[in-house]
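Residue numbering begins at 1 within each chain, and the chains themselves are lettered A, B, C, D and E in the order written.
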Amino acid sequence: MKRLSAALGLPILLIGLWWAMSAGSTSFFWPPLETIVRAFPETWTADPILHDVLPSLARLAVGYLTALVAGVAAGTAIGSFRTLRALCEPALEFFRAIPPPVLIPVIALFAGYTGWTAKVITIALGCVWPILLNTVEGVRSVDEVLRDTARSYRLSRRATLQHVVLRGASPRIATGARQALSIGVILMVISELFGADRGLGAAIVQFQRGFAIPQMWTGIILLGLIGVALSALFRLVEHRTLAWYRGLRQAEREV
Amino acid sequence: MSATSKLDGPARFLGLAGLSLVVGVAEALPRLDVVDRRFLPPFSSMAVALGRQLALGDFWIALGQTLRGWALGLAVAMLAGVVFGVVIGSVPFLRAVTASTIEFLRPIPSVALIPLVVLIYGSQLQSALVLVVYAAFWQVLVQVLYGVADVDPVVRDTARSYRFSRWTVVRTVVWPTALPYVVTGFRLAAAVALILEITAELIIGVPGLGRSIGVAQSSGAVAETYALVIVVGIIGVLVNASARAVERRALRWHTSIRRDL
Amino acid sequence: MDPSVSLDVAGLAKTYTGHGRSVEAVRDLTFRIGRGELVCIVGPSGAGKTTLLRCIAGLLPTSGGTITLDGAPVTAPPAGMAVVFQEYGRSLFPWLTVRKNVELPLRRTPRAQRTLNVDAALAAVGLTESADAHPWQLSGGMQQRVAIARAIAYEPSVLLMDEPFAAVDAQTRADLEDLVRALWHRLGITVLFVTHDIDESVYLGQRVLVLSNRPTVVLEDVRIDLPDERDQLQTRSSKEFADLRGRVYELVQLAKRGHRPGD
Amino acid sequence: MDPSVSLDVAGLAKTYTGHGRSVEAVRDLTFRIGRGELVCIVGPSGAGKTTLLRCIAGLLPTSGGTITLDGAPVTAPPAGMAVVFQEYGRSLFPWLTVRKNVELPLRRTPRAQRTLNVDAALAAVGLTESADAHPWQLSGGMQQRVAIARAIAYEPSVLLMDEPFAAVDAQTRADLEDLVRALWHRLGITVLFVTHDIDESVYLGQRVLVLSNRPTVVLEDVRIDLPDERDQLQTRSSKEFADLRGRVYELVQLAKRGHRPGD
Amino acid sequence: TDTTSSAGTTKLKIGVIPIVDVAPIYLGIKQGFFSAEGLDVTLETAQGGAAIVPGVVSGQYQFGFSNTTSLLLASSQGLPLKAVAAGVASTGVEGKDFGAVIVKADSPIKTAKDLAGKRVAVNTLKNINTTTINNVVQKAGGDPSTITYVELAFPDIGAAIAKGDVDAGQVVEPFLTIGTGQGNRQVVSNYAGTDADLTVGMYFTSQQYASQNPKVVAGFTAAMKKSMEYAAAHPDDVRAILSTYTKIDPTVQQNLTLPKWPTAVDRDAVQLLGDLAKKDGLITKPLTLDTLLP
């Protein structure tokens, strides 16, 4: 109950503020919140949810999970071997700095322009960086005594990886994974600016270009709600897998 | 120490080797007709186009504009991200209250905000700045929030038992603990800021490299486009190298660094 | 209220809950310590000594009972108190050098005085040479001594020490014991000293509180009526010492076997 | 090569460098340990005992000299060796329960046998009840006992222990001492035991190696010719014990004062 | 109020897209047509109307360039815009226009009718290019509702056609010349095929600005008219000025098809585009051209 009110308190306050401040707005691009709320059910009916939102979410899920697996795998390798890190890092940083709008056409050259592949790769490529970087740092900062313990008991490579390295790095992997989640949502939109005819992102951009501003706002709000929902889901998983970490850090006092 | 310098040479060499590999692949793929060279020219043509660019005054002006916008936005985002992160992270009540709002705001893509910033600022520097700050801020904030939560309880108790003031705790306990996360946040934010700066220039037409890319794109000048993109990538590499250098100094004490020696 | 009482622990209870476990660590612990007293605490491993100390230090919320320090209830870490933690290694700031670690709590002391204090404390624990090292460059015993140096440089009025000499060699241990007694004499501070070394508890303390097994109560409060002037060789070889030592040993064995007061 | 020699340390040297400091921890350390021997090591805090153990365990590259275990030079952690680290708290996996921590090295043992081993080890250190707790829910002494349980459940052929009883109470300590001796008898393993407790070193060992101050060499190799059957009360109260104890104490004091062999 | 500086000139910011279409305004500035009207013009480039329209509405730009359908859409949604000058128009010559649908040389698509049922790339969905393609396909006897449109940027359309991801694509200059140079074939000129005088783009301002600054608007319109006339009369100057604001390859620059630059907005063509947009469901409210057109 307390947690619920804490979670809802500020949003309700902000929404109230937005409602009040936009009430009499005549600005075309800042319509009253009331107008937006009215437009919401008309805009997101069964058809767009089925043909825009769900496929987008499916692509997001595939891209995100790909990034998670690839980021953790590559991050563990790069974090464990200094030579590999020295070899890869500049090249990775190079690609990391390239904006998706110019990178996507290159991806499309290989992965095709219209199918899911290019979009999924775009999402995965965006999500992978926070996961990769955090995994690398997490792997590097696993306690030395723990590593020595694993070595002295001659745990196999796999066991060390599974029970020591990945678990030790898991708090940081979670940091990266959480960060990647919202980036994934963003890239879900960006990827649909390209070679898409349907999708949540494509819909928002078409509203924007068609000057259907209240509808565009409903799309943005929908994105935010998806973000909240995904983050709640994430928290659930994190809560279970990182219970030891919260105990260790005596974080149970926190909500 | 000697160990560091012993490593630095090979590390740099290896890094260059890695980049050369990328260059090699970029040269080979079009030449071997794996991709159509009309759409992805071999690296050598990009390099030639880049050479032509470097001779132009306009290029350097655009580069300067991009770097200025990027650095400014990044600085603001870092400052705001660290301050908000430390404050929100240190006060459990604030953390609980803001969590849902943060999660709502984070996934809103900066590109969706473009019409709004244009409405307010047009294609001025500020438009890009708003987008850069908005996108980069979250990168730092999330890292700092997790970093602040990483404080060792024994360390925290030590600080409490000696009755350190709030400010001292932040300075001597929270900040050093969160620092590795801040560095990661910086590395993430630096790239995101660069991406948004370029994207804003590209789409809104804020002066800078991105606008040059946009012009090259809409002129069908493929090699020029990639030449400019390479410049962007190189900025990314340099930023990371400097972040690593800072990290080696500031985090000498950290497990990840001291083990490396 | 008795002004000579420094610390009054009445009916203290502490139950750890969370993460699927609920452990009643301390149940109904009551004792008093006079101002300027040096009291040792012994008890079986896992009895709740650390828990008790952390409650007194105001670092852990209690589940019941009251703790009063100099007449005021303890709810947050009180002023003028120094704690040497059992987890000495984790209590040092890895990002600071040894000197900076010791110096940190002295932020309000004038610089000259501070340097003096720190140098003296480091010399007392034999770490002058390692002042510029980082804690993780030190051996376990050296780390522990850094934590001790930090506490004594602070010149507290109440000093809580949780097995502070566990990691140092016999000779250093003897030196540090004398150091604590000297400090206690010089500053007239109240000292609460947790140890597993029964000889040490008898040698150091004016009283030895023997704790029972978990859930913890005070099994017995042994008064150490040795002369105030103590000496590592003479005191330890005296008959009274041997008797007291035997008595405390017996109690600890009882405690370990689950004996409780009134049994 | 002498087949009865298990561990041969010859001219071992270790200098820590890096971070603007260069510390010569160990200089020219030479000794041999027979197969199935129980040898204790004492020495001043910061002498290099932990360093030595970590070198023997193959965890730390040496700067000079050779370490040979059962005829093979040690370059990586050898098979069948268990180490109890001085930093016991940090050596436990915080994400695993006590049981899982003890079980982890036994991954190749069949499940039934494994459960048996783990249960026996936990019972031996008195932690049966806490098997499902996480390490950070335990007291310091309990954590240390988990580390010990892990080592004995592993049934190693060489056991290295770095101040393994520093955080437990006197009674538990005595029990654990007997446990180590019983284990040593039963499995015929080679044990290297670092301690600061001089009584303990004499009580436990067949030999006590006294190390000098840093840079470390062997100050003296004291043979403990007490009968093999030892008893906490009888052995400790014997005349021979007192003599040996006095001898080792004297050596440690010498070492602390910077005395070196040949002085 | 006119924002007039001390020298009696008015500073104007104009949002344009850096493409061939806006060559006249660059020429006009160079020729001094704007300064003659007391206008000190700065051109700000952006990628498309999505960035320019809000800029004009909020007053960040005083004038902007956008395609006609976008302006109609905005106007129908209630955005207070006012067209002030013609921007660019079709040449009206089938096969020799500045925009067309192209396919691979060996594609089975020969006529507009064949586009039915195919995948066609356009740079923006639900805009001028889709409505005009639908129009020409229907005129040719095909069913436009069976076309699947895919949104791709102009530079990527050629690559997507080459890869076979789309069957056809609508491109404008310089991509038309580049594309045909790479062996692609024009199927239909969707602008010319819709209307010989199709006004593809226009310059516009906000109604508020127009009503408050009639003199500036008149001056701008006059200068634009001169610019258009000049551009229409001096194609070589046009080709030359392109290299100042684009990176178009010199040979492409020489060969590309220049659009027509009319001096006035063709009201019928705008009406036609509006009707097409309405037919495709882009506009749902009744058309009121009078608010948009001068």
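Convention: contacts are C-beta pairs under 8 Å (C-beta built on N, C-alpha and C of every residue); 3 or more make two chains touch, one makes a residue touch a chain.
In UniProt terms, the chains line up like this: A, B = ABC transporter permease; C, D = ABC transporter ATP-binding protein.
Keep in mind it's a predicted model, so treat the numbers as computed, not measured.
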### Query
Which neighbours does chain C have in common with chain E?
A, B
## Note on the structure
Hop count on the shortest chain-contact route linking chain A and chain E comes to 1
### Query
By mean C-alpha coordinates, which chain is most distant from chain C?
E
### Query
Most C-beta contact pairs, which chains?
A-B
### Query
What whole-number Å value describes the gap between the mean CA coordinates of chain A and chain D?
49
### Task
Compute the distance, rounded to whole Å, between the mean C-alpha positions of chain A and chain B.
17
### Message
Need the CA-centroid distance for the pair chain D / chain E, whole Å please.
### Response
83
### Summary
chain B residues touching 2+ other chains are 36, 39, 115-116, 119, 152, 202-203, 217, 225, 254, 258
### Task
Would you pick out the residues of chain E that each touch at least 2 other chains?
50, 54, 57-58, 153, 155, 159, 163
### Message
Two or more other chains touching the same residue: where does that happen in chain D?
### Response
19, 87, 90, 134, 137
### Message
Taking the touch rule as given, give the residues of chain A at its contact with chain B in the complex, in rising order.
### Response
3, 6-11, 14, 29, 82-83, 86-91, 93-102, 105-106, 109-110, 129-130, 133-134, 137, 140-144, 171-172, 174-175, 178-179, 181-182, 185-186, 189-190, 193, 201, 204, 208, 216, 219-220, 223-228, 230-232, 248-251, 253-255
### Query
What residues on chain D touch chain C, complex-wise?
16, 19, 21, 23, 42-51, 86-87, 89-90, 132-134, 137-142, 145, 163, 166-173, 196-198, 249, 252-253, 256
### Query
Of all residues in chain B, which touch chain C in the complex?
152, 154-155, 157-158, 160-164, 168, 172-173, 176, 179, 253-254, 258
## Note on the structure
In the complex, the residues of chain E that touch chain B are 13, 15, 17-19, 44-48, 50-51, 54-55, 57-58, 60-61, 153-155, 158-159, 162-163, 174-175, 178, 182, 245-249, 252
### Message
Taking the touch rule as given, give the residues of chain C at its contact with chain B in the complex, in rising order.
### Response
54, 57-59, 76-77, 79, 81-83, 85, 87, 90-91, 93-96, 104-105, 107, 134, 136, 154
